[in-house]
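You will see two complexes here that share subunit A, one where it goes with subunit B and one where it goes with subunit C.
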Partner chain A sequence: MTTFIIRRLLLLPLIVLGVSLIIFSLFQILGPDKLLAAYVNPNVFDKLSSEELEVLKEKYGLTKPFAERYGIWLWNALKGDLGWSQVGKDAVLKSILSRFPYTLELALYALIPVVGVGIWLGVAAAVHRDKFLDQFIRIFAIVGWSFPDFVFGLLILMVFYSVLGWFPPGTLSQWAEEIVKSESFHKITHLVSIDALLNGRLDVFWDALRHIIGPVITLSFLWWAYLLRITRSSMLEVLSKEYVRTARAKGVSEHDVIHKHAQRNAMIPVVTVAGNMVIGLLSGTVIIEVIFNRTGIGRLAADAAVQLDYATVLGTTLFYSIVLVLGNLIIDILYAVFDPRVRLG
Partner chain B sequence: MEKNPLLSVRNLRTYFYTEDGVVKAVDGVDFDVYEGETLGIVGESGSGKSVTSLAILRLLDPKGKIEEGSEIIFNGKNLLTLTEDEMRRIRGNDIAMIFQEPMVALNPVFTIGDQIMEAILLHQDVDKKKAREMAIDMLRKVGIPEPEKRIDEYPHELSGGMRQRAMIAMALSCRPKLLIADEPTTALDVTIQAQILELMKELQREYGMAIILITHDVGVIAENADRVVVMYGGKVMETSDVRTTFKTPKHPYTWGLLNSIPRLDIEQERLYSIPGMVPDPLHFPVGCRFSNRCEFGEEKCSVEMPPLVEVESAHMVRCFFYHKVEQAQKLSKAGEGA
Partner chain C sequence: MSKERKMNTELRRTMRKIFRNPSAVLGFALLIFFVIVAIFAPLIAEPINPMMLDDNGNPMKLDDPYVMPIITWSSTPVPPSADHPFGMIQGRDIFYGVVWGTRTAFFIGLTVTIISTLFGILIGSISGYYGGWIDEVLMRITDVFMSIPFLLAAMVLTTILGNGIDKVMIAMTVFGWMGAARLIRANILQVKEEQYILASKALGVKDYFIIMRHVLPNTIFPVLIQASMRMGSLVITAAGLSFLGLGAPLGYADWGSMLNFTRNWILGASGSTFSYWYAVFYPGMAMVLFVLAWNLVGDALRDVFDPRLK
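Now for the complex of A and B:
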């Protein structure tokens, strides 16, 4: 197990290197002027004279051959300097780190309804196969599955914000934002809602919650569908297995047959799907962030790509690959936890 | 052995309501099991023998229904009138079951210890520590070496024979009065088969339980059962004690089954096989269900279902022309002698 984890972690730098090389070479179609933006603080960029720009181009080796330029970028990246983000109006690393807590917060809030309820609905559908509940859940799933996320997100916004006024878009209200930014508000976890609780500000907590419910409902409805379908079919397969009959023949109650003997086995394929969903959530959900006007890592990456802000694109891509490798590692470990037949190695 | 039977199955009819029609998997089956004896149920796949065993424990899948008028009397109680809760207290406790494929009949994500202890904890008033001791004792009893270690292993870590031993340990952990063994050795190597059957016999002697041994293997029945029920097309075709049935079969189907066993003592050019195929249970022949494959049949057979009649003491046969089988037998015996 330990050697497995170490081996997988050793892969991480290789993957990061490969990904960065690809993105870096793609961006070389840009001229030196555009590339320079990555090395200059965006707040002073426009004020520089053309002579000063020439000096800077020379300094950062933008006129040098590709291999040398990549070498310079890599060396700086290793020192933790990923350059300047034009979109983030700050250093790339800082831009990413300042947005990640918002993404993480949304992911954590969406995790319980998406994964928990998705699995629960899938099990319920399988147990009541072909009965009314099953049909109902399946129709619900097909609707969710075929709904485009931007349409559903807008609908939620229309109903719960425009009509009912319950769940506003954004991350926080103006007044709450000011409290969070004030000196007296201690940032402990950087997750707004949790920090609000730790600071004893229930009003801020409630405000953060109101802003996060809309995106959570949207994500849940769209992602349940997939998870519950996987869970349902996996559960149906397991319920027809002989060991389920063995359990019944032992006198195990129907509740334990389903939730202990069958569900434990049915979860094995679900782990992969649920794990990939969590990876997706942690990588940011661009459309949700745009519709609900939330700060987040998905939007940072999308804006950067649109504006050819290559330092930020490189930074967020590296971030994604790290999340992906670590996420998959955790999925594999969970896999072995759920299925004793799987030996990691 | 003329005591009250431990289990009496009377007019058991189990129908499956499928989209294509009603499958009469078991259609009016009667038999008794006495304390401490082994009853063999033999028949081809599709004869209804497994459905019968599942019906006794009421473990049929939802499409299968036990029809009105069927009776399964166990220890004086009709199991078909019990509530689901009462039934659960009988399963694994008074009546236990072992299945064909120990590979798939044990839950892969729990250790064999967990699975044996679960049965003990469900039916006996003991704590976990005691249950674990009892499980280790059971594993030792079924001949698993180092039971203290093996108890924490998962099914995939054991060999096929060891798994079936663990399965038996689980089934016998609550000392059932009746053990239903559905093809318990079919999936095992021949050498392991003999060991497992021997083990079952030993434990039967020790615990005094009755066994229903279900198999398509006539040889297994001949060696291990006291009495035999021959099933075909959801009906009992012949029943008697093992010696009588196998020495002097009276039903053409039993006769066919016995002839299709390879014999080393006489020279055979080709092994006999019963002509035709097992009929589709949706379209059983009218009259006797074996009529379309029977060598001795006459017109009457495809019109009327013969009744199950007692032709000798405790020897029941469902055939109009059973004396033809007797004659054929005499002829073939004479042929062998010549």
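Now for the complex of A and C:
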């Protein structure tokens, strides 16, 4: 197990290197002129003469060969300097770290209904196989799976914001934002809603909650379906096993057969899926954050991509790939812990 | 019984299995409906511009039917009426956009799925069949591509290449082949050790021939099922890019960019926003039903060909 973990961790720098090389090369398609635009204020940029442009290209090292420029970026990155983020108006690393808690908070809130309801409905569908309830849940799941996130998000906004006025877009209201930014508000976990509770500010907590419910409903509606289907098929497989029949034959109550004997074993593949989901929620909130106008790492990445701010794009992609590799490693370890039959090697 | 007749009974049995499942029937029916709409788009929504007349006083024909004509100068959404059954937004007829958008959806989805799957099959077959250091290198490259979130990667590449649905398709293909590559590799590793492959090798059959005639036909089904299930998510991603203002140019007959129009109306003014429901509902429903059709078909195929997952 230890060798397995070490081997996977050794792979991490290799993947990070590969990812940065891909993104860095993609940006070379733009050519030095457009790359320069990322450094210069757009209002000034159009008025510059061609000589001034050449001087600036020289200054930012855009005339150097590709390998040298990548080397410089890599050397700086290793020292912890990922460059300046135009979109984040701060150093890239700082912009990423300051936005990460918002995305994490959203992912955590979305995970609770997804896992709870997804597993519950999946088990229910498997137990009532091919009956009305099963058919209904399956149709619900496949329709949910077919909804593009932005279509569903727009519908939620339309109903809960425009018509009912319950869940406004954004991260916090103006007044709550000011309280959170003030000196007296202690940032302990950096998750706004939790910090608000710890500071005893119920009004801020309620405000944060109101803003997060819309995106949480949207995310969970889309991800329920996936978990539900895995739970259902895993449950069906376990229910047809010999030991379940034995349990029934010796007179164990149906409730215990399903929830004690079958469900525990059926949960093994579900753990993997739930893990993948956490990774997916951390990196899959781009469109949700844009629609609901929330602060977060997905929004940062989206804005950077649209404005070709390549220092930020490189930074966020690297961040995502690290999350992905570490996340997958943790899932594999958990898998071995939950299922003693699995050997990592 | 001749070989051909045996194939036919096999096929018929499979078809019967598929069509016994009501959700599969629904999926195929929806798909056929969309195919018909796409084929007869010029008849359903005539590509003419009523605002401009030619010499004979007839409405002018459009140069490019995929660019939605501006038919009224009011940019506020106009509710459905007899002439414009789905209403109008940004001066454009929503019905026209939904109908011609069907073609765009098929075009993007099929092209990207086919090219990226073929490329994935190529990489996966080489990797799985030859093994050794070739496999190691190709699989590490696959890992690297897989660790970049698909949507973000597609966004970055589309922005770099510039707007246009061809750029979206290139971006989604470049970052969309890994699933097929991994799947085909895993299947080939399994098939490789089978007796009949070893026998052909012993007989001195060429590698290329073994892969094409023996290995691929026995490993291709899971890949095809995966491809049909990916159609839906590819169309969603392409529409998502258009929705973010990347991808399809302004006014292109594309479901995602039509929803992009609605964004300002929904987030901008509150209160009366719900009266613009049709601007979200019709393009949104077209997209949901299109994706649903592919998911149902993919599901049905999987049920038949992969009985392990029920």
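Here, the second predicted complex is superposed on the first by the 310 of 345 C-alpha atoms of A that agree within 3 Å, B and C clash if a C-alpha of one lies under 4 Å from a C-alpha of the other, contacts with A are read in each partner's own complex, and residues count from 1 in each chain.
What we mean here is this: contacts are C-beta pairs under 8 Å (C-beta built on N, C-alpha and C of every residue); 3 or more make two chains touch, one makes a residue touch a chain.
Everything numeric in this text was worked out from a predicted model, so none of it was measured.
Taken together in the superposed arrangement on subunit A, subunit B and subunit C fit without clashing.
In the superposed model, subunit B and subunit C sit 80 degrees apart as seen from the Cα centre of subunit A, a figure rounded to the nearest 10. By the touch criterion stated above, A:P32 is placed in contact with neither subunit B nor subunit C. Once the two complexes are laid over each other on the shared chain, residue contacts for A:G116 go to neither subunit B nor subunit C.
Once the two complexes are laid over each other on the shared chain, residue contacts for A:A249 go to subunit B alone; subunit C is not touched.
When the shared chain is aligned, no partner comes close enough to touch A:G327: not subunit B, not subunit C.
Taking subunit A as the reference chain, the count of touched residues is higher for C when subunit B and subunit C are set side by side.
Once the two complexes are overlaid on the shared chain, A:K241 sits against subunit B while remaining clear of subunit C.
In the superposed model, A:V290 lies in contact with subunit C only, and not with subunit B.
Superposed on chain A, the gap between subunit B and subunit C at their nearest CA atoms measures out to 12 angstrom in whole units.
In the superposition on chain A, no subunit A position is in contact with subunit B in one complex as well as with subunit C in the other. Here subunit A touches subunit B in the complex through residues 241-243, 245-254, 261, 264-265, 338-341, going by the rule given at the top.
Considering their complex, residues 54, 57, 59, 84, 88-93, 96-97, 99, 101, 104-110, 118-119, 122-123, 154, 156, 167, 170 of subunit B touch subunit A. Every residue of subunit A that touches subunit C in the complex is listed here, in rising order: 11, 14-15, 18-19, 22-23, 26-27, 29-30, 138-139, 142-143, 145-151, 154-155, 157-159, 161-163, 165, 169, 233, 236-237, 283-284, 286-287, 290-291, 293, 301-302, 305-306, 308, 313, 316-317, 320-321, 324-325. Contact residues on subunit C toward subunit A in their complex (touch as defined above): 23, 140-141, 143-149, 151-153, 155-157, 159-161, 232, 236, 239-240, 243-246, 259, 262-263, 266-267, 270-271, 273-274, 277, 280, 284, 287-289, 291-292, 295-296, 299, 309-310.
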